[in-house]
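For reference, the structures are reproduced in the following blocks.
There are two complexes below, and they share chain A, which is joined by chain B in the first and by chain C in the second.
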Partner chain A sequence: MLQYSPDFLLDLYARMVRIRHFEESVKFMFLEGALPGTIHQCQGQEATAVGVCSVLRNDDFITSTFRGHGHALAKGLTVEELLCELFGASTGCCKGKGGSMHVGNMAKGMVPGIAIVGGGIPVAAGMALAFKMQKTDRVAVSFFGDGAVAEGAFHEGVNMAAIWNLPAVFVCENNLYGASTHISQVMRDTNIARRVAGGYGIRTEQLDGNDVVAVHEAARAAVEECRAGSGPVFLELLTYRLTGHSRRDPGHYQPKEERAAWSEKDPIPRFAQVLRDRGIADDSVLEAIAQRIASEFDEAVEVARNAPQPTVEDLLTDVFV
Partner chain B sequence: MTRRLGIAEALRETIAEEMERDPRVFCIGEDIGISGGWGGAFTVTLGLEEKFPDRMINTPIAELGLFGVACGAAMVGMRPIADVQYGDFLFLAADQVINNIAKMRYMSGGTATVPLVMRAPIGATGRGSQHAQSLERYFAGVPGIKVVAVSNAYDAKGILRSAVRDDNPVMIFEHKLLYGSKGARAESGAVDATSDIPDEDYTVPLDKAAVRREGTDVTILGWLLMLHRSLHAAEQLASEGVSAEVIDVRSLAPIDYETIGASVRKTGRVVLVEEGPKTGSVSGEIAAGILERFGEYLQCPICRVASADVPVPFTPVLENAYRPDTPRIVEAVRAAMRS
Partner chain C sequence: MRFELKMPDLATTDSEIRIGRWMVEPGEKVHRGQPLLEVETDKAAMEVESVVSGVLVEIVSQVDDAVSVGDVIAVFEVADTAKSSPMTRSAPEAAPSASDRSAAGTSPPPVESTPRVAEGAKGGMFARKRGAASPAGYDEGVRLTVAERTASKRLQESKQTIPHFYLQTRFKASAILARREATASVKLTWDAFFVRAVARAMGRFDRFRRRLEGDRLVPLATLAVGVAIDHAGELFVIPVVEPADKSVEEISAEIRANVERLRGGDADARMIRPAAMTISNLGVCNVECFLPIINPPETAILGIGKVAPCVVVREDGQLGVEPCGTLALSVDHRVAGGRYAAEFLDAIVRELESA
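Now for the complex of A and B:
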């Protein structure tokens, strides 16, 4: 911890706060009826996205899921391009053709979110294969949930990455639920990292996914191994979704005590306490960060609300090159 | 100078030439690149591992994964040629093909490109129900992929070249009885689809049908094996005084209504021939497309010759009854001429 500069740690904090503020504000706007479609949010899971992406370069690639707002912000997409996309504007990161479940930006190393569970895993393996064939040290990272582990795509993608030693990091955000179904109902052995290590013969690690510095360190080691030709690596990040699966899901299937216990482990207040304890930031500094992020968001909302919608002619473009 | 090649040889040669020309091109599939192996199920990639040991990616038996891997590699600068041993296995790959490969460009607002060639052998060939289906129907209606079918070696070469050089996903369907595979992989009942292949670097467009035989009385539309059956039927019909124009539809998505329309305007009679069940067929789509565009030129109802709505059977007696043959095409044309 001590080896990190205060600026770096404050930046990790700000990135998590940005995601939380984005998600909470978007949820409000959605319930208000300002946004079309549906949303899947990641409140409580900010440390996984921020910790992992903090070790990636712009030219490294990630695949994400239907729950991709946090990954996108962590990989460097702006609040504005994401909000514009959520509003369906032609200035969105996917010109309004992707929407919440498919946010991405190829120029920033994020393919459009793949909303079929597990679908991004072989795609990430393929990007990693390309990076290896191209003799670069780029890395592909795939984010997915515990639910994806039951998919055939998971097995096929991880297996191929393993047999070919690909520079891929598989990041399983284990938040205990696939939609509304608890992990214990779909797995006999719920220690995913152990299963993957035994099943595929690759290095795996299970860790506290709500500790942003721990995630950063695990991801850094994994990415370094991949860049050095010793991939792939599998990370199981234990975390929890402090919001519904989607839209208006109140999450009644999450027992109150369980949710309360995980709220205690909320990565943002937890890291704020670390920063205070280490004398890196006091309340006024943290408050200033929150203020800065809130006003940045407000400006972006203003832009997004007034951004141009695509025209009917745009329906037929972007199918082929 | 020309050389006489079959489809498998033409494809093999073209893959080698394109890999030679462009270091981004590589092959990915099952049982490819194995020294002493088969070169895929139908010898198309036979021996290429000697020349390109690092670019023949032999995968586990995992079609979903391999098409996902091909998608990812294509999105970051490679130009994969992915194949399945039998088209029927595309159902396993379908999520990656339909949800990712076909949609990435659109979902990304036109910023992602997936320059990917997918090859799949199809057709009933004595292998029962699960190594025999005609898969075109399942992919021709998926926006975001180009779908073509190759009926001779000249096209195989020119179309594969175009597909590899195209920045979009292209699905190429090949027929097991047309490959001209030799040795242990030779097919009984194979049809000669060899062509004189010129030495120059020619291409065949991915969106054009081809008139294979000119005629004035009736237009017969087919592709793959059914094109050959249709040409055979047209010869027989000529001896009865019926002048049949035979078109190789070739491009199944998009469908070339310009070439088809020119013929329909001339003949006023259409017979569509397709291997595969009639219900949900590509020929149903083409029939509707012709009616919408050229209905006023039709002198009789459009006729379809297709397989029965049953799974592909094994025993030759039933398989032959399943797959449209020359007599059925001839009979359909005679009926069209009478009405």
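Now for the complex of A and C:
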């Protein structure tokens, strides 16, 4: 930890707080009826997105899922372009045509979210192949859940990346559930990292996905290997969603004790404690970060609320017809 | 200022949402994020959190009401200075900061922005969901309630996937009538006799104490006989646990108490608890005989018709008149064959006749 500057660590913290604040605030907007459709949120999983994206450059690419708000904020999309997208405004990151499940911004290295479980994995392998053929050192990172591991697309993407040594990092956010189904009901060996290592012959690592610094370090090693031509790498990040699968899911299948135990491992208070213990920040510093993020969010709401909606003429632009 | 709380879009389809229980009372102070009520959607029962901090002034939607997304369900009084709406206020209670950030001063001046979003020119999602008013005199049809839809799905699945067969018979009711007369002061429910008879007969028919799981008949941990109840048009099953060990008086009191709890809106009493089998009694409705649909995952159901004086042929060949009732047993053929079920039904009859 000593090798990191306080600014870097505080930035990791602020990025996680930004995601949490975004998700919690958006939750209330949804309850108020201000947002269309449902939303899939990532409270409790902030450290995976922030830790991994902290080692990426703007020209590295990520793919994400239906649960993409955190990945987007971590990859550098602004609160404003995301909020506008959630409001369906034409100033949103996908011009209001994607919505919550498809946030992304190609200029910032994020393919709009792919809601088909496992769908981003072959896309990342394809991008990694392009990066390799173009002889760049760019890296493609795919975020997906434990549920994706049983998809055919997972096998095709990971296998292809493996046989061609592609610069791809596969990041499995294992939060124990695919919707309401516990991993033990859909896999015999629930150690995904072990299975992937054995099955595809690539380097894999399983680690605490709620420890943002540990995730940063594992991701840095993985990305360095990829840039050096010895990818791909598979990371299994053990984490937990402290909210329903979607806003319409109360999450009754998560046993109370299990949820309580994982609340204790909530990555944000946990990292705040580390920062305090190391004398990097006291409560007033952390408070100032929270305030800054809250007002940044409030300003973005104001913009999103008054942003123009797409017009009928926009119906046929940016789509295949 | 007044704040109208609208039903959030919690259902997975366009279906209505039923109010299960209010967890706060008018006059109570609530804070943003506090669970206010329980609702039942087409998919799950869940709590609804308050989107404002303030005082609950009025509950608009009562328990059991079926409401649509965007309907006003409660009214709050919120402080004019309160950052009440996430549209103007965004500090989440669950935020990871060390201290409470609810203090005013970090957000733009409060605007009553929720209605602007929901009903403004752009139209919030609630506004989009609402259709135009239908022309006068046009009957749009009656929409099934959430509970009705759930029940219809289950019953359709049962009828389509369980190979039902049916056995009918008659029983002599004089013993029950005598017993009811002898205890006229407490007025035993008819159902208590049927529950007990079924339970006692089950004691000798092992297959009816089991449930089909895949290709295995697994034993049930507890034996319960369910009583089908129609409460305000909704179907419920009241389980009587281990009735073979109970007296008719006890069973009768238990059924009555549970019906009261149902009527009182007790959410617990509404929970679905499967029994070994259910009895369904339409005798009071003047029905002679009917063939009920099995209530899955149960394996049989007993339909009970009315008890009335009937002409019977006595053993000596003479005609006589005796009070009789009819029984129809619907059975899952995967669980029991005709002969086995017939013997079971006969055992029920013998229990009833020696009540």
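Convention: the second predicted complex is superposed on the first by the 319 of 321 C-alpha atoms of A that agree within 3 Å, B and C clash if a C-alpha of one lies under 4 Å from a C-alpha of the other, contacts with A are read in each partner's own complex, and residues count from 1 in each chain.
The working rule: contacts are C-beta pairs under 8 Å (C-beta built on N, C-alpha and C of every residue); 3 or more make two chains touch, one makes a residue touch a chain.
Since this is a predicted model, take the numbers as computed values, not measurements.
In the superposition on chain A, A:N105 contacts chain B only, with no contact to chain C.
In the superposition on chain A, A:G44 makes contact with neither chain B nor chain C.
In the superposition on chain A, A:P232 makes contact with neither chain B nor chain C. In the superposition on chain A, A:A124 makes contact with chain B only, while chain C stays out of contact range. Once the two complexes are laid over each other on the shared chain, residue contacts for A:N159 go to chain B alone; chain C is not touched.
By the document's definition of touching, of the two partners only chain B reaches A:G96; chain C does not. Interface of chain C with chain A (complex): residues 6, 8-12, 32-33, 41, 43-49, 51, 69-70, 85-99, 101, 106-108, 113-114, 116-118, 122, 124-126, 128.
On the chain A side of its complex with chain B, the touching residues are 61, 63, 92-98, 102, 104-107, 111-112, 114, 116, 119, 121-131, 133-134, 140, 152-153, 155-157, 159-160, 163, 317-321.
Touching chain A in their complex are the following residues of chain B: 26, 54-55, 57, 59-60, 62, 64-78, 95-96, 99-100, 104-113, 143-144, 146, 166-168. Against chain C, the residues of chain A that register as touching in their complex are 16-17, 20-21, 24-38, 43, 247-250, 252, 266, 268-269, 272, 283, 286-287, 290-291, 294-295, 297-298, 301-302, 305, 309.
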